């Protein structure tokens, strides 16, 4: 590695998330940003003009029944997944989503973190849901940080956000969310470091991405690869997300931001309904390859199957013997009640 | 807007919170502070002398039964509300509270964040409760940041704090809190930006301010007004506070503090018993007027009525048609079990 | 007080925690660090070389049955305690733990925050548990912050971490943790301020350190002493940790880190399974001596006995009359159901 890839204004807004099963159309090729992180940050601090609005992009998202238990969002007909595709924006960009509801129930798409008017709220209160068989356009805008006329700062939209149904079953989308209508939304700041791999982890009731051990997601990466986790909470329970042998910084990016960053380094974080956070780790850094567990640290939840594997392969992509044996033991996982 | 109003040493300690029903006596007129936030912050960093104690103010607080289900704190007889009045202090000030217990049960007032000796602890363990029909003086002090003799910093008292009963029903005030004996306490730092509107939101068991949809609080503001939310958790349950279409920074003020502030921008935050946080948003900034929901993001909690409305009116105070229709739909809210 | 004691490379990795009953062998005498905190921090910011590995130290830890309800870790035979000993490392150091399992069940030791390979994971998935009557070596490494070749920062290992069983009862150690197989692990950064007293507080199910009021821990310190709390969550429930009359900063050290630290000051923090945090307070600073409660702020949890006392004595070690009376009332604590 030399310079890391960083986000620029031309950054593609969505990418293929290879391991979560989330097929995201790459709208434009990934671009290596022009500014390394440190310069980008320095530049931000002297920025005090009105935010410039970036380009607008269109995407069509299909709501589809996958099985009696699952409903998903997808970027093409027949391609719905749980979680839905990872959506990405650069600060300043606008995303126009045409939601196509192929189910026989009312649904919507409601986002966290970005700007939308009442017509894109995705709620019945604001009359912005999508009826069975219907279509509706939702517009999500984002903005860079700017200084208000009164001298205070309006923070930019960058963050590890998420989107979800707000209509199926109840006016809060309780059935839609329970069945899988959720996904990650990332808004990048100019200069943000880009990952090689992306993993979406949703603790939803007693499942991870609506799956349980021994069938919970196995996220794969090679030793040394930069991996981004987007972690989301849904449902009715409280959880804590723990990752073995890897840590992150408890701030916006999950990475240390300069010498004055007093944030905690953590490897266990509370994850409650509606929460989201993200971070990047270097796979196996300082600890080597292996089958590393991630799980809910609430004891009964992990015992009941809220456990998955972050599989760090050798640099050449081969799987060490000890990791293969660990995977085999994991797949023989028994639920303890 | 040009310069924002900021806090100074002469800042009034309590204000009328117009929308929460909390009648707070304006002890002195609001003052526009002398220092804009940036200079004030710069100044703080070079402060290394002992903290100066500010003025002392007196206030009488009445504990009153409002109904069989409600007990409240109030600043005058017959004026008790749930939540109680928003109390404000400037760092360095002292507040002397004479608590008048008009009920037939033992009560107290216990604060978070400020300095008090054992006689103002508000607990039976420290023999500082107020018997039925009795009166007791509680003294809360605050301090500016200062450098200790050993070179470390003692952080100032500024924060979004709260106060509550610690005596009624059990030695932890479980009955008093359940019935509404709670309120917001704000300690301002010199230079802190002052809001135009204040809203206290308390998630207490399955209620908001002991109310449920469709009767939960509707907080009103005009487009562009600076609104301060003080958010408090009580009772026995876990919650998450989510506000639609508005975000804040997860730090002391809820606003970005300079170019090195690596804090997250969020719109959903864990809210558990005893927690409090606060933030300011510009009503409708970047999203326009509307009836914006705020709610607990735990699905069953929102379905059961933990939902209120942040009503952003037009700049002239009129209510857009879509917002009026949304309010009407909200008031027809049905609880889902 | 003049200069505070600070951590240096020669810092002892474990100390005797006098009040938790945790007997930790002092491997080497405490050293007063060469750098005051501010200089140390300034120095860190220019550090961009590979981390240097520090010395390696060995320790033997015994897993022992204490009673039918308790199992503990200890540093010598017959000395197991709940919580286990406070283990300390300086960033860069390695700790080699020989775990001696004197029980008739499979156990392990799994750590948060530090670097370990799969053979020291302490899990059955990674075949790194210790059978009944067996011994196994676990190696925990730590590192200073360093700049990666790609220009990003790898944060150092410093933090208030913890260790626990991951094997007894279930593959997540549910029985081991429930019975007391847990303890605090601190990794110090060069320049970190050292305390005079240390207290480990573990909220584990409905107990504090597997005890309940009126038998929960009473932590003692003299007025003005620097006290370090390491606070850990375990089990299946959600909790919030509240300390009366003392506050801390919600960052890595619990203390303000320079003029740009925008972190909140708090006195109540969510504490869920697997979480840990730490902070230092000056006993009785600004509030005087007394019997100050710390407790879970979930009402039913405190009512059921999740309450202990932070006893701040006079400077000469005597106990004020009001504090003795408060202790007596505390020890007569009745559980409310």
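List of remarks:
The chains carry the letters A, B and C, assigned in the order they are written, with residues numbered from 1 in each.
As a convention for this text, a contact is a pair of C-beta atoms (placed from the backbone, for glycine too) under 8 Å apart; a residue touches a chain by one contact, two chains touch by 3 or more.
Remember, it's a predicted structure, so these values are computed and weren't measured experimentally.
When the partners of subunit B are compared with those of subunit C, the chains appearing in both lists are A.
In a homomeric contact, the two copies may use the same or different surfaces; for subunit A and subunit C, under half of the interface residue numbers are shared, pointing to different surfaces. For the pair subunit A and subunit C, the distance between mean C-alpha positions equals 32 Å. Touching of two or more other chains is recorded for residues 238, 258, 260, 263, 270 of subunit A. Listed in rising order, the residues of subunit C touching subunit B in the complex are 1-4, 36-38, 193, 238, 240, 242, 244-245, 247, 249, 255-256, 258-260, 262-270, 282, 285-288, 290-293, 295, 297-300, 302-303, 307, 322-323, 325-326, 329-330, 333, 336. Residues of subunit B touching subunit C in their complex: 41-42, 44-45, 112-113, 115-119, 121, 123-127, 141, 143, 145, 148-159, 170-174, 177-178, 234-236, 238, 251-253, 257-258, 260-261, 263, 270, 272-277.
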